[in-house]
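These are the structures in question, set out in turn.
Look for subunit A in each of the two complexes below; its partner is subunit B in the first and subunit C in the second.
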Partner chain A sequence: MINIRRLVTPELQQRYNRQGRILGLVGGVLLIIAPFLPWAYSSDALDNMTVLGYPSPLQFFGLALGVIISAFLVLQQALTQRQKKRVRVGWVPGAKAAATGALIYIALILLSIAAELGGLVNIVYGGWIALVGALLAFIGTRLIPAGRTPTLAAATAPAPLEILAIAVMMAAALFAAAFALNHDDAGSFVTFIAFVGAVVAVMIRSGVMGWLSAVSQRYRKVLIFSAFVVAFMFPFTQGGSDANMSIATQVMIFAATAMGLNIVVGLAGLLDLGYIAFLGAGAFVAAILSRSAFSTVGFHPPFIVVVLISGTVAATLGLIIGSPTLRVSGDYLAIVTLAFGEIFRISMNNLDGTDGPLLTRGSNGIPAIPDLVLFGFNFAQRHELLGIPLGRFSNYYFLLLLVLGLIILVFTRLNNSRIGRGWVAIREDEKAAEAMGVNVFGLKLFAFAGGAFLAGVAGSVKAHQDISVTPDQYVFLESAFLLAAIVLGGMGTVLGVLVGATLLKLMPEKLRFVNEYRLLIFGLLLVLMMRFRPEGLIPNQRRQLEFHEEDEELAERISEEIAETGTVKGAT
Partner chain B sequence: MEFLQQLVNGLSLGALYALIAVGYTVVYGIVQLINFAHGEIFMIGGFGALAVWLLVPGESLSIWMLPIMLIGGMLAAVGVALLTERVAYRPLRNAPRLAPLITAIGVSIFLQEFVRLFFGRIPGFPDSKRAIPFPQIEYVTGEAFNIGGVTIQRAALFTLVALAICAGFLYVFVNKTRLGRAMQATSQDPDTARLMGINVDKIIMVAFALGAALAAVAGLAHGLRYTNIDFKMGFLAGLKAFTAAVLGGIGNINGAVVGGLVLGVVESMATFIPGQFGGSAWKDVWAFVLLILVLVFRPQGLLGARVVDRA
Partner chain C sequence: MLEVKNLQVAYGRVRAVKGISFTVEQGQVVTLVGTNGAGKTTTLKTISGLLRPEAGEIWFEGKRIDSTPAHEVVTRGLAHSPEGRRIFPRLTVEDNLRLGAFARKDKAGVAKDLQRVFNLFEILQARRDQPAGTFSGGEQQMLAIGRAMMSRPKLLMLDEPSMGLSPLMMQRIMSTITELKSEGVTILLVEQNAQAALSLADYGYVLEVGKIVLQDSGKNLLVDEAVRKAYLGED
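Then we have the complex of A and B:
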């Protein structure tokens, strides 16, 4: 990216502006035509791309990108004649993003065809036309000057329209999730993710995302309600199959835990590398107090009580670890929490009756944990709702949705409170915060123990959903994964962390072929993210500024945006 | 007698920790970075030594292989350490504190996986996904010495001697050479050091290289002592060594050596804890409990002049 920006100077853009437009338009039109042509010789690769005149879903997505490129370029010419100063749409940046996305998308499709059918010869002329189109669009749009930053976020529409926009966005998210999960081959999955990435990039660049987030600010309740409706609807798209629901519940637990860690790392800025131990503590407490035949104590309270005990035990552990270490610098906390994670793992392994008291049954853990029965609702049974059967995992999915909702609620309420502002102050400059009268130690301890409590709660559900609890599920790598989800998505944001957690948990499930290289890629990802985009995919703007202190341009852009729209994008 | 035996075991274990801990302390003293990947540098030192041994034909176990292996391990460790410094850490020098720490975790996982996946793919090299037997070089391994009922493994003695030599070298380097004094100056005040004409970037590289070279010695000693090496060995050893560095006072080179030895002895003495919580199953737990206790009661460490909060 940086090289391209250096290569294409503003002068060059001024001179070839017109040619760039034409090239871009030609590329866009080619991308629209190409999906109607066959791309591959055999229908074995991706979806069926051999038919003339009838685009397959994946080809159709290419067409959509072509439409975006052409439409944006035409609309920009047509609409900027009538200068409406107040609202600027980022047509050109949007088209640029779409063209870059299309290039990546088409290249990925052609590569998957070549990989799955054995060689580039299996690509038919339609595929090459699409590639040429994408290339032309890419080069063309690069030659057009970007213009000023979009201010679409300031626009307002009638209330029903804005609410409709939120609903459409949510429906699209549901469709994307269902589409991604129902495609089992890695090629389709990767290309689809690339398409989603391209669309999101277009939305961000053109300012639509800014508008949507401004609208979401105005209609918070509608947004939250519709998000939950969509998440609630997801099991109904699976037609009673538990295969994807099992993945979905794993994603939910991961997301809920990551959200808890997000309070500790994202808001308070405390790097906790042993967070998984708190999840494990909750899970072990729930397992030991459950009616499993392998439980080691004779006390079996109802689940509601177990949840509270799990959370309290985890929070107490948090207090024990936090109170000595939170007084010294943050680096020490990182290492001490890491050491605590090891202490937890070793202890759970040793409490097997020979090396220590009998509590956890050592490395075998506690199996055969019975399914939950809450208020007469048995989680083990299949239920039918509106004629759609819902299996065991769907039941847990709904419960986890509640837990995740609770954690998000805690997160947002704390973030917008005196406590949350205190955390931000501590994160940015501890000494200054202390001088301003912020109770630094108290707030840090509260974040640490509170985060532990939430992990304990999530762990108690996880124990029942997984049926068995063993120490090897709660190792350092899992903590690193949680941290990576937060870093990838964007520290301190709700949406970012949800996206990050979903991506990180879904990728290995769907990309079996990279399973061997999973951790290698993951380590590399952490390094590259910190190097090039430390604020995450969906950053909190204040956070973005923290990471790019010297970037005057960014600071100016954000302050300009705030002045024009009155909102801070992605503040929560 | 049992006490003396555990003391000897502890000292030789502690010598290993001390060699690794120096790397943490030197780097931390200069850039205030906890180089989380340093444990992996130690592991790579071991694998580098093994690789050189495998490359030399004849599978010789002669003592003359030892210096060759040591140089191989050092080259590998120093090379990787300098590469990570240049590629991963240097661009983040002015970033918020969280960023380099997360990068370090990424580097650590990457290096581990890299060795796991690719070391065994080199023709003639054993599969690196499980533990690899380490060549048992003559004289430094083999029948243990027995002095008045106390058994001393030869490899343990080798580790202690290696630590003694390295500590001597380190003392001379840090206090008597221009480079060592420049390093001290940079550690005290990087900005002023820069004004005095010290090339701070170069000093940081020297710090990484110095730590890596000592870690490679530890990697070789580890291989001789435990008779095999594996790609995971850096994680726990790194964590312990960091504990040792904190125990001695981070940033203080003498402290790292003392801290390592103390930690090793404490870990060995954990067997004397009565009841079920003694024994070797709990020794790691006691080592980490010690870390937490040090942070509560003496955060500057045993010899530390540096106040922890300054970090």
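Then we have the complex of A and C:
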């Protein structure tokens, strides 16, 4: 692997600092000019990139990155003196991230044009200029010394301004989600994700993200409320179309299940490889107790009761699996849960009336599960709110939002409780925790059964939303994806796991070509993550220490940050 | 306060403790000294419920505790500062200390005891927000003792608190134990450093391969010829 930091030595940076600045600025300006020029011969590729003087949205994002690069470089020069003060903005690191992001972004756009129109010849001069600009900016910014780490996180602004920042951040998230989902072709989707990644990288490097997370710490309630509002508003951006809402509900179920597993894996540190079976147990219970014509029992309680029964059945299964295995070391639990997942699937296949009692109708499962009717609200019907039509999937989306909110609430409550501290101690040193009076077995069992309960609850909603429940929906691969979402996003965090779950569920839905190779791509992604960022996209800072123990600088920085903000971040 | 009767503990077929009996009275500092493998750590682990005895009884404040789970032993008022300190390296000092009080539910009392530990070890207060793994061995030992104190134990069991420390740091730790003793804390101290342990203990037991071979007051053992030969490096 080529290590750029080793290739471009500090001496080299000292020598070519000036040239680097000029090069970076030229690149940035080229990136600003290029979007006004045509990039492609045909308007079929991505969004329309053939017009002179009128940038398409995707071209406009390239322009934005160009503005960031140039502005950061200019501002760094202009504000060097003032930066000696308490607050230090990471202008240069930000510009570097923007340039790297721009290079990847432009390259992806050009590749998409070539792929969609058939060959590189379809790229017009504007595209090449953009690529040259991005390359110059990349090389140029690499030649500038990074300077000291930004301390923007310590800055404070007047309260209305900080709350406004949270609102803007949330609005941007809503816009990004709607934009990404409304672009159906793979090229636009991938390039847009790359742009979002670049912007996030710039924000992290320049210290803006640190500031935002410090602000979020100060106004937690505002943050949670606005996040909920944004999630609530999402269906209203879809104009009654069910296409994206169907994906969104899938994402919600996946995210809710991943959050439940996050309690088991991320908080209690128990490796559960068969978690999907608990979701399946909840779904099957809900299906069997529903008023479906194929239901195999005569007992059909109202849905609220079904939810509790589903959760309880799943939790009971968790207790049965957990109580013998949680006493021994972690590896056994992984093996037993792996086996349990398989046993569950096979059992569901066999409860078909010939190999076993008639309960699940075997591999056919239970179809024709009716839509929910809660308090007179029929989930099958279209409803209209403020003149905006909301279809069937939107109804389920709102219900799942509630379920997800509940699971997140449980997660954060547990994380910040005495029980949460006990879990941390168990993860760190089980024997020492025991000597401290932590009921190790009890806490593990609680996490295991509690996680199973939440999965059962999510499963009961999933049964109605999916209309049919079959055993082959609950295979080991699904458990593996849940784990991958947690590892990818950041174990033990709320935001990380939400991001991880969204990415993992959204990508195969949006990119058909990914769907075919999704195992290959996810495998590759996980290997790369383990190599370069084992703590996940959005790490829990305490965990970051676990993975970078030899990194004293990081330890120092984190303890500084903890001293400044008074809390451990990342567990938001 | 603590009475151990004919305790036998085995790891599989290897018997580490072969029937020992001793008592600790309220307010005393009692020490178990002996070489590596004498069974000192095993004895402590068994008392705190981390290991189960093969035979024998352990009585604490008139109740038998040899089959009580470890987390309940702590609530009974027995704290164990384990061998090798075993602090939680990635947690902050404060989190470590608060974990020591895990079994307690009286918030005000915990806050008070936290302050008490900080008064005892000022360095811990100064670094309360630092990850404990960044500390020196001596500081970690202070943290381990402080953590054990956080459960407000009736009996504090310290396993090799001087292990791997510089002579200066060892002195500091030993004077802390003396300080705790003067505050009336009952302490069961396990040490390889017999000289240091015996000079502050009211009573001492000398262990050899799982058996008690000698017992007397700390003062007497300190001048005992056999002890001086075997453990204090004198001819």
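By our rule, the second predicted complex is superposed on the first by the 563 of 572 C-alpha atoms of A that agree within 3 Å, B and C clash if a C-alpha of one lies under 4 Å from a C-alpha of the other, contacts with A are read in each partner's own complex, and residues count from 1 in each chain.
Basically, a residue touches a chain if its C-beta (ideal position, glycine included) is under 8 Å from a C-beta of that chain, and two chains touch if they have at least 3 such contacts.
None of the values given here were measured: they were computed from a predicted structure.
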| task | Return first, second, both or neither, reflecting whether A:Ala432 touches subunit B, subunit C, both chains, or no partner chain. | result | second
| subunit A residues touched by each partner, larger count belonging to subunit B or subunit C | B
| After superposition on the shared chain, which partner residues are touched by A:Ala314: those of subunit B (first), subunit C (second), both, or neither? | neither
| field | Which superposed partner A:Ile32 touches (first subunit B, second subunit C, both, neither) | value | neither
| Taking the superposition as given, does A:Val440 touch the first partner, subunit B, the second, subunit C, both, or neither? | second
| task | Could you say whether A:Gly422 touches subunit B, subunit C, both of them, or neither, answering first, second, both or neither? | result | second
| field | subunit B/subunit C common contact set on subunit A | value | 546, 549
| message | Under the definition above, what is the set of subunit C residues touching subunit A in their complex? | response | 48, 50, 69-71, 73-75, 80, 82, 86-92, 95, 98-100, 102-103, 129-131, 133-134, 147, 151
| request: Would you tell me which residues of subunit B are touching subunit A in their complex? | output: 32, 34, 88, 91-92, 94-103, 105-114, 117, 235-236, 239, 242-243, 246, 276-277, 279, 281-282, 284-285, 288-289, 291-292, 295-296, 299, 308-311
| field | Of subunit A, residues touching subunit C in the complex | value | 418, 421-422, 424-425, 428-429, 431-440, 442, 542, 545-546, 549, 555, 558-559, 562-563, 566, 568
| Parts of subunit A lying in touch with subunit B, wherever the complex brings them together | 265, 269, 271, 273, 321, 324-325, 327-332, 334-336, 338-340, 342-343, 346-347, 349-350, 355-357, 476-477, 480, 483, 487, 516-517, 519-520, 522-527, 530-531, 534, 546-547, 549-550
